[in-house]
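Next, two complexes with chain A in common: one pairs it with chain B, the other with chain C.
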Partner chain A sequence: MNLEAVKLAAANNSWGALFPELMLACIALALLVFEVVLPRKQHRYIPDLAIIGVAFTLLGLFLNFDSASLDSETFNGLLHHDHAGQVMRVFFLLSALLVCVLARVSLAKRAVPRVEFSHLVLVITAAMMLLAQSSHFVMLFVTLETVTIGFYILVSYFRTSAASLEAGLKYLVMGALSSGLLLFGIVLLYGAAGNPALPMHSANAMHYRDLAAFLAANPHNFVASVGIVLVLAGVAFKIGAFPFQIWIPDVYQGAPTPVTAFLAVASKAAGFAVLLVLARDVFASYAWLVIPVLTLMAGATILFGNIAALTQHNVKRLIGLSGVSHAGFLLLGVVAAASGAAMATGAVYFYLFAYLIASFAVFGVMTHLAGADDSDQELEHYAGLAKDNPFLAAVLAVGLGSLAGIPPLAGFMGKLFVFIAAFQAGARWLLALAAAGVAISIYYYFGWLKAAFFESLAPSPDGPARPERTPVGFAAGLALSVLALGSILLGFYQGPLGQWLTLK
Partner chain B sequence: MNALPCTIYVSFLGAVLALVAGMRSPGTARWVALLSALLAWGIALSAAVNFVPGPGLETIVNHPWIPSMGIRYHLAVDGISLTLIILTGIAATAGILFSWNIEERAGEFFALFLALIGGVYGVFLSADAFTLFVFYEIAIVPKYFLIAIWGSTNREYGAMKLVLYSFAGSALVLAGLLWAYAAAGAHSFGLHDLATAATHFSHSQQLGMFALVFLGFAVLAGMFPFHTWAPTGHVAAPTAASMLLAGVVMKLGAYGCLRVAMTIFPTGLAFWQPTIACLAIIGIIYAGLVALVQDDFKFVIGYSSVSHMGFVLLGLAAANAQAVSGAVLQMFSHGVVAGLLFAVVGRMVYERTHTRQLADLRAMPLHRLLPFAAAVFVVAGLASMGMPGFSGFPAELTILIGTWKTSPLWATFAAAGVLVAAAFTLRVIQVSFFGSASIADGRKAAPAHPLPPITLAEKAGALVLVASTVLIGLKPDLLLDWINPALQSPLFQAVLKGGKP
Partner chain C sequence: MIHATLHAYVALSAALFAIGLLGVLIRRNTLVVFMCLELMLVASTLGLVAFSRFNGTDDGNVFVFFILTVAAAEVAVGLAIIVALFRKRQTIQVDELNTLKH
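The block that comes next holds the complex of A and B.
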């Protein structure tokens, strides 16, 4: 044991800055230990321990929100702790908490190991939290790969289901391709910035600050431009932006519903946390390149997501494609942030939180309606929901309404803030597209509600039977009520959260 | 005056109570709904008694809502909003009386109905463009459910079409408002602040913003060629919802055009004025001609609504004090009369005869079977045609005189529209109520069972509406004395120059 190293670390206390991530990792390991030492009969309590653990981590994070390590770098500049990082930590912890709650409902329907599921969720969450705070491309890549590899397992977690395995394979191939693009881009940037013939070259070119300084000194370097485009492409895979959205419907459909939720919300948010830092700060001097690329991407993503979602009958594919359109709206916010609009960053964070609350409400309803075959969730299965289970129907209505952006729900406020930021940035044409996209999206969101509220879609008696609906348990019921109320309250009154998100 | 915001809160509270009461029995939900509607109407009337007409909006509530963006919860009232608030009270009460027979999911029905009404009150009271927009959207969503759950003919198609048109319209409105908000420096959504800031906008900016906002609202007001949601939506809707749609919701669109688009962007209006007037006149005549050849009773009324709303839009486009005051009066008049027409068609006739085909109705001597319905429909038809003594007459006359001052050509064409209206109204009265059984040629002959008598609730509802239209027809000054001073405010004066720049 190298006592000196431990002492050094203890002296500058940089590990303390990582306590939420460390706590998650410890809980994740403890879950595996519990599985070994506890008698088999008590294994069913272990996933609940994960929920409690995440809740306590969240509490600890709140208590230390303005921690001493804010606005400082740790681990030789691998990580940079700032307000945005804290906000994203809260975001990922909330997602993990909700994914664990949904998994209680969803995994109970199948004979699959449940402890490992919680373990993987916690590890991925810790990696996402580090990803959002990384200030170095090595850290970025390592954490991103941790997240992606964890998702390879989670997506194909229902290993006896062909759809889940297919989704896992598709995600693996696409994930490997995107990692390759990202890595290639990083290497090109490193190569360009390490070239001693150029001004401001740096030996530590993978650090964001050094790279930004180099880019500022060489605003039209060809190799660096190619690198930037490739890095953006790699991140675009994660957020499912056009033209890298191709994997979304199949993977979302095949993955277990809690994993779909995790992918749709947390994985996308992780991509945006990275993209925001890259586009706004690191690549700031290449705005001439970044802004047009992102603008094109945003416009195409909004159009594609909304139009492709129109024809879907499987709700998992539908929410996947609607998620693509949300990625487009968020990209609009990133474009505004890259153009220097004052409130854009806060708007993107607010949008992400509104999206989290609304999406998990919808996914929560989906897990209760799914049968043994998790990939078979059709719109027709929602027929008569309002009569059989008014609670789930009401939650679905609020969740979908918020996703559709109906005032005064939280989703509308999110869209409003992003649109205002985009107006400040002068992205008029993109806004026109976005407004058209919002109008189109009403059709499929209301189509879904129609299925839930009107019985005319009831399946014919000789057709395949509708899967059995799961009764709502206490934890899931509580979570869904909080989410639905959250969407409503956040729409009327966003005071603290609004200020907290924009506080710099 | 300070009690007016309670109309909003009473309606929303009533919605929640009706939902809860509906779980016990439909009857309780009905009474809860009726009492909340009456209470809100009573609040509006008592405020009207103490109302002192004057220029400009009189602020009632003004709280910061989203301080970082300068969005305020700002409610205010002037004579124009008060007129429409009274109309909302009348339409809500009558609508509940005419849906007294709803048994299926009654709690939800009245909850959605009152939520819609609450949103409508909110729109008419808002003095902040953002608050107005939020209430406007709150009013749109319940319509979808009202039509799609309790509607009739082709209801899912009608409901979805209506919602898509409404949201496309509101997307345009929001885009225009955000554009103005950002161009004004992102300080405030207040109508007055935006109007002040807009004087510094460039000409092309004003044209663009006005086009977005006006078009967005005009979709809901049924402006040609964006009116096609109205007939299908009206026909698909249950009676009370058609009454509200035609009676109040279309007024939201017209009110938005007047209160938001015109006052904030007067330069924009001056440019687009001929286009709007042209579309309004086409709407008046085209929808009237279409109504003339419909086979379905309710479609006739649906298209007649579009035609009458064309007069409102024409009055707004003529942009002088007289035409605009006529337009507001027409909003009130059409709200009452269209409600009455839909009540007769949807509730009194259709739910007893189970047909709306004019050819079938012709074979039934309805004037003998349903004398009360026939009498009410004749009154409503006369009011709708603009007979003296009913509210339609002063309204359309004021609009035509006002329009003549701006452009005699427009007034001439619009006057032709009055003739078309008389033609289709008389035709439908004659065919539906005064047909004779003798020409039955294999059609559904006179019903085998005697038709159920008109209920007390229906009589009460009809009485409220008939009394309103007659009262305003005999004494339009009651409303004009509120409307005209409101038009003296500087905001309106900037726009009401009869088309001169």
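The block that comes next holds the complex of A and C.
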């Protein structure tokens, strides 16, 4: 072993560039230490410490937003830090913060350990932040697996509930299957790009830049195209795109509501951050293959998600399938980005932020309406919500309105930007399909709102009773108001956020 | 002595991968499905080692260690979930796990 080479490699490890991730990891470990050290009476404060820790990490990230390591590679090309990476870091930290707030409400209803939940959320968040900045397939695979394995535990977290365990098993099988596809795709790409007989072959074939250079020199390599399709399929599983969306309704229904929110928002965004880099930059010279595959996937995803959501009565399945259709709209943005539309990347990020704000508002309301059996959340349970709790009903209206894309709300602007980008890219047919999808989606979102606003409580003596609603606490109330106001404000005025997301 | 070529290794790796994938899609016992998932990872590992040897680069070999670690973590969590589910439902047949169908 050459000692000089090791020293040279270590010189490139700038741990300072990973400050937010390291901070999260340290907080996550500290939480476990606190659980051992502190007396049992004080254990209920530990999840709050996690919330404070995430908030401070977010603050630190903002203070050091234009850090010196921006636009550079660290750890010998494993990570590439850029503006988009910083944006995604903020995104994941915000999701973690909101998940922890929702978990305070949701986990209190069952006798489950709460410290470990925060621990896992923080570890997964750190891994997702690294995932969004990875520029090497080893880094991509390891962080993606850290995220996925963490989610196996979180999905089956209510381990006395058959529904939660079953969802965990289904997610396990589907997640491992997608990892297998992704990994085999990486192997084929590595084998092709490292082949000494081919031009531009590389000794560092799993690095994005070297791989892109190889693909540009061999634009019709069979092994590489199979590899690309497998990698895209693996990522499509994570974002729940058709035909890899079969796990979504069951897993979303069985998982604890905060985990469903985390899966729907952060896990999906992580998939899109990866997909954007791969489709736009790394696989750019295979556009003849990537764009048709993604276009077909986007069209089918939009149609399937919206049509399947029409018949659902369980709100968790409903929001899961509507999330599939949102993945379709985001894929439309990715297709536009891969075809070279200038504003597509910024539009996808704006859509993700609008989706985060609106989704967490809806999930926040769902957490307050769920009973002890977390998978049993039917549309009928929302009857009379406007009369009993106008605050929750208003937040639900804003959140669902934004998800449906009703004009003055943030979700509308997100859809508009993505559609404009798709128009620039010339994806007319897909655009028509997406517009039809929006029209269908309004139907089921309004069915939900109708239950909350216009249906009165019909007490049926034979049917099972509606679960008791949880009163809104201070932290959750504050978070929900901020989210609802954010959806409204971002709809009217996108200035600073839009500018911040417009990537260099 | 016959030397196995790269093609033989890659063909074997692809065959193992296909067997694993088919097993996941066809078999009804969760444990067998889980074994097939591991087979898919092993197929990738074999492919990596073969390509690494043929290409003369070491990063494929190093990647194998990461995959082994990840697979071990996956098995630890996965078997825990299967055991907990079996205690709750007394079955691990995929067909009978239908609490979540509406």
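Here are some notes:
Definition applied: the second predicted complex is superposed on the first by the 486 of 504 C-alpha atoms of A that agree within 3 Å, B and C clash if a C-alpha of one lies under 4 Å from a C-alpha of the other, contacts with A are read in each partner's own complex, and residues count from 1 in each chain.
One rule holds in what follows: a contact is a pair of C-beta atoms (placed from the backbone, for glycine too) under 8 Å apart; a residue touches a chain by one contact, two chains touch by 3 or more.
Model, not experiment: these values are computed from the prediction.
Room for both chain B and chain C is found when the two structures are superposed via chain A, with no clash between them.
In the superposed model, A:159 makes contact with chain C only, not with chain B. Shared-chain residue A:76: touches no atom of chain B or chain C.
By the document's definition of touching, neither partner reaches A:42: not chain B, not chain C. Which of chain B and chain C touches more residues of chain A is settled by the count: it is C.
Once both structures are fitted on chain A, no C-alpha atom of chain B lies closer than 24 Å to one of chain C.
Against chain A, in their complex, chain B makes its touches with residues 66-69, 133-134, 137-138, 141, 144-145, 148-149, 156, 160, 163-164, 167-168, 171-172, 174-175, 178-179, 181-182, 186. Interface residues of chain A, counted against chain B in their complex, comprise 343, 401, 406-408, 412-413, 416-417, 419-420, 423-424, 428, 431-432, 435-436, 438-439, 442-443, 446-447, 450, 453-454, 456, 494-495, 498-499, 502. The touching residues of chain C, when paired with chain A in their complex, are 10, 13, 17, 20-21, 24, 30, 33-34, 37, 40-41, 43-44, 47-48, 50-52, 54-57, 59-60, 62-63, 66-67, 70, 73-74, 77-78, 81-82, 84-85, 88-89, 97, 99-102. For chain A in complex with chain C, the touching residues are 138, 141-142, 145, 149, 152-153, 156, 159-160, 162-163, 165-170, 172-173, 176-177, 179-181, 183-184, 186-188, 190-191, 194-196, 201, 203-206, 249-250, 253-254, 312-314, 317, 375.
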